[in-house]
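Have a look at the structure below, then the notes.
Chain naming follows the written order as A, B, C and D, and within any one chain the residues start at number 1.
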Amino acid sequence: MRFRVSSELFYRVEGPTTLLFALKGIETEGQKILRESLHVDPEVPVDAFSVGEGMNRFTRIQTSFSGQLQVRYEADIETSIRLEDGHELLPHGPGDLSPEAITYLFPSRYCQSDRLRNQAFDLFGHLVEPYPLATAICDWIFEHVAYRQGSSNEKSSAVDTLEERGGVCRDFAHLAIAFCRSMNLPARYVTCYSHLLYPPDFHAVIEVFLAGTWYVFDPTRLAPLNGLVRIATGRDAADAAVCTIFGGSLLNGMQVICNSLDETFTPINWDTLQQSHQAIALL
Amino acid sequence: MRFRVSSELFYRVEGPTTLLFALKGIETEGQKILRESLHVDPEVPVDAFSVGEGMNRFTRIQTSFSGQLQVRYEADIETSIRLEDGHELLPHGPGDLSPEAITYLFPSRYCQSDRLRNQAFDLFGHLVEPYPLATAICDWIFEHVAYRQGSSNEKSSAVDTLEERGGVCRDFAHLAIAFCRSMNLPARYVTCYSHLLYPPDFHAVIEVFLAGTWYVFDPTRLAPLNGLVRIATGRDAADAAVCTIFGGSLLNGMQVICNSLDETFTPINWDTLQQSHQAIALL
Amino acid sequence: MRFRVSSELFYRVEGPTTLLFALKGIETEGQKILRESLHVDPEVPVDAFSVGEGMNRFTRIQTSFSGQLQVRYEADIETSIRLEDGHELLPHGPGDLSPEAITYLFPSRYCQSDRLRNQAFDLFGHLVEPYPLATAICDWIFEHVAYRQGSSNEKSSAVDTLEERGGVCRDFAHLAIAFCRSMNLPARYVTCYSHLLYPPDFHAVIEVFLAGTWYVFDPTRLAPLNGLVRIATGRDAADAAVCTIFGGSLLNGMQVICNSLDETFTPINWDTLQQSHQAIALL
Amino acid sequence: MRFRVSSELFYRVEGPTTLLFALKGIETEGQKILRESLHVDPEVPVDAFSVGEGMNRFTRIQTSFSGQLQVRYEADIETSIRLEDGHELLPHGPGDLSPEAITYLFPSRYCQSDRLRNQAFDLFGHLVEPYPLATAICDWIFEHVAYRQGSSNEKSSAVDTLEERGGVCRDFAHLAIAFCRSMNLPARYVTCYSHLLYPPDFHAVIEVFLAGTWYVFDPTRLAPLNGLVRIATGRDAADAAVCTIFGGSLLNGMQVICNSLDETFTPINWDTLQQSHQAIALL
């Protein structure tokens, strides 16, 4: 699938500020950047680098003036996915996990899996197979947490979301990751462009490591899982925030677009996957 | 400097369990393993791997029996350090940090720097130079937090320690890391063997990234900073725990030793460094 | 019913200390003190007073020495109860509550009903009648929280217990009270002597205000509900602790006894009440 | 002093709702209601009662319609104060407190003095005399917490405010009360009308029990302490909220006025009291 993505962000900056952006699609085995461009207005020092074995491409912008800053990214990106029969995804334990997945069992800032262990076992302890377990976790969150703007903030964590029972995609993802790790399923956070997400915005979903592969799940059920373009991957939003600001800046406008460049796009949604017992991997 | 280190741990295991150990000294530019051995009794499947760019060497042990498990590691390890004049360590901001340090600015499970920002600025906002800042943070913790066994547990975080005003080396390190990150100093957690630590045990200290190098600080002031042998490095104890247990195991005995193999060992303590305004790096 | 109760507490005191005890049975319409005595050794200043409309009788002890303090209370107390058909307890709302019950709708230190509202509605929102609602809350806690010494401390609150899924009678009571208040049922904390509680100790249960009367519930199901002797009543353990210490004292021994003085005692347990759909009030 | 106070509140109600208001000035030894009136539009069932030994006068309103509700209270109220030399206020301990003050040593929902004890002793442990101690607590809060709308919400507690370092009068009061209780000074929450408060609103201050009398302190320093008209008194905002809503109502407008009816009003502010080392009591 090919997508044309763009994001335009406006900040009010006050003096010396560093803005660290994760806006660009990354290159993976199955995701290719066909073309891309980044414009920053006014012209300020910009550098770029990758961390986390290439799973995050950071753009760093330094400002020293006070005023309006505009950042605009546009790209055409090709993605590919793989579908797998969920029942084929055999259980594995921490004992046979590949090293790359081990650290995604550990608790992180917004996914305090160590604190949620007893609650997770109470809710999901009867499930043994990994695919039904990951599915049950995401279903539970969809059914018990309300998607509600304004009920959370940038400090909200999985523990808070479980209490508050409300949040946005970031909060849904954090709670799902925390529950997965509590149940010994490695899980990580993905920031992405998302086709057919309404209203258009950046999106956050999770990946769960099942039988050696990372499969994508979205407890919000807000957008098709084959319409995602990966921007950043990490333990939680601390690693994969669209923008981390050091200094005095305030976002005061944003527009995000993700359109399909293919003639037809057949959305693969949660219910499609449920009926066919399939899991989907972003390659 | 050369050290003979050993650790012997006893667990009561109950059925299928995975134990993930960080016991072994790691190899770095300045730290060399001269010889080492690991014994596990009874004989069970053991594998080993490194993650985090070699900064953590994990030993993974699988048990399926119920009973007593003994793990014993012994090694001779050579370490080296570098001393630097603290006043030469010029300020840098997030804008000129090398990518490897960037992620150590982010909050983590036990170091919620985002939640401590206002308190950190209140306490330390008058300090501009990085070396005095890192020093002031560690001094404040030494003076305002009591070293007290039993006042914290494995879920305790920097926020808890700041409230409780008590903890052990792990808690001191977490709070120091959180304050550093709040003040835009990258900081990370180091688990180590520690010569002249009394009573003998594993130790936890922190490293702060100053002018391009990681310097070690110990807010507990319990042991000389040139007597440390690095075992594991990470964002916090979630990454660098001596043992992470998946399943039903209970530690019921431990002995840790770190002796000098050199004829003389001249300890470099906190007060030595303070008087000479020096910072110390583990190479 | 008549009970002979006694409690003997030993403290190590260090210099000037005030100990505020709630040890004595209180007098109510249905609970009469037949005889009682209090011994404090060594002899120190003691005064006594009641607060909260007589629902708490405090004994205040002042020490200025360092050493061992012994406090011993003995009493014969007559109690009476009333049984009511649970289905007769019609719903009432905050609009027709008597003023005395209103404050028991408010959140308190260890019963943060305002924070648990969304979780309470998720679990119990389908229940309308007050007796089934209070019963369902206590049943849920019995089934989802483990009675476990050492998993909580004197700072643990309902929010902590819901996360930890473990605690003692104090924690069970706090969580039950918080859930009740979240669902607009006034609820309060009762410290009592408890016949047939094993091992013998003080006990904590809750009272819920249903159709104009306070009915007693015990989410631990550890002791018969007609074997309780009321000591103190309050919003939570902050009001009704057996001992609140101001200064340096440490409990180092305790013995609590509650024996029946009647020839026969027919315990009314949770299952008896459930089968007969009855609620029980301490008069 | 005589004040003309009024408050007008507008709610959007949705179906059956109970609103519990503390809007009316209360009668005390030194505070007299000269005249008062309450209007509710549309006409709905209203009742009134006092709790807490008359320190709270509740007005309860029941609605069953959906639409706009207006509540308007107007009164002329006479108040009196007493000034005392702060140095005359001798220390007392929990051992010689009058029973009425004892419960104000206990932690409450928004004033978790048990959790703040170590921090309070660290900050204020060098102070022995009660008046300088209460003053130091309020000064510290004024200097280290920013008065900032929107940085807190109705669930925010003293622990949160200490972390966030921002809040409104309610949050300042909660933190001050918690610190006082941590230091064994009984302290309570007062909701009031406040002359010369800008912008006009309800106000929250604290009372501290010093040498047998409740003295008023205001860590916000926003209004003169002789311009307060007492509405409600309690352990914290859980007891003394202006409006507690059971059901679906939303405040969508409010106007509060407190004018002096005297020819001259000489404000007694924090700095006046500081210079003369005086404490002020609302009679």
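As a convention for this text, contacts are C-beta pairs under 8 Å (C-beta built on N, C-alpha and C of every residue); 3 or more make two chains touch, one makes a residue touch a chain.
Only a predicted model underlies this, so the values are computations on that prediction, with no experimental measurement involved.
Student: Hey, how far is the Cα centre of chain A from the one of chain D, in Å?
Tutor: Taking the mean C-alpha position of each chain, the two centres sit 45 Å apart.
Student: Let me have the rounded angstrom distance from the C-alpha centre of chain A over to the C-alpha centre of chain B, please.
Tutor: The mean C-alpha positions of chain A and chain B differ by 30 Å.
Student: With chain centres taken as the means of their Cα atoms, state the distance from chain A to chain C in Å.
Tutor: 47
Student: What are the residue numbers in chain C that touch two or more other chains?
Tutor: Residues 115 of chain C each touch two or more of the other chains.
Student: Would you identify the shape of the chain contact graph, picking one of line, ring, star, complete or other?
Tutor: It is a ring, because the chains touch in a row that closes back on itself.
Student: Just spell out which pairs of chains touch, all of them.
Tutor: Here the touching chain pairs work out to A-B, A-C, B-D, C-D.
Student: Which of the residues in chain C end up touching chain A in this complex?
Tutor: Residue list for chain C touching chain A: 115-116, 118-119, 122, 144, 159, 162-166.
Student: Please output the residues of chain A touching chain B within their complex, sorted ascending.
Tutor: So the residues of chain A touching chain B come out as 16, 18, 20, 45, 49-52, 58, 60, 62, 93-95, 99-100, 102-103, 105-109, 112, 114-115, 154-155, 184, 238-239, 244, 246.
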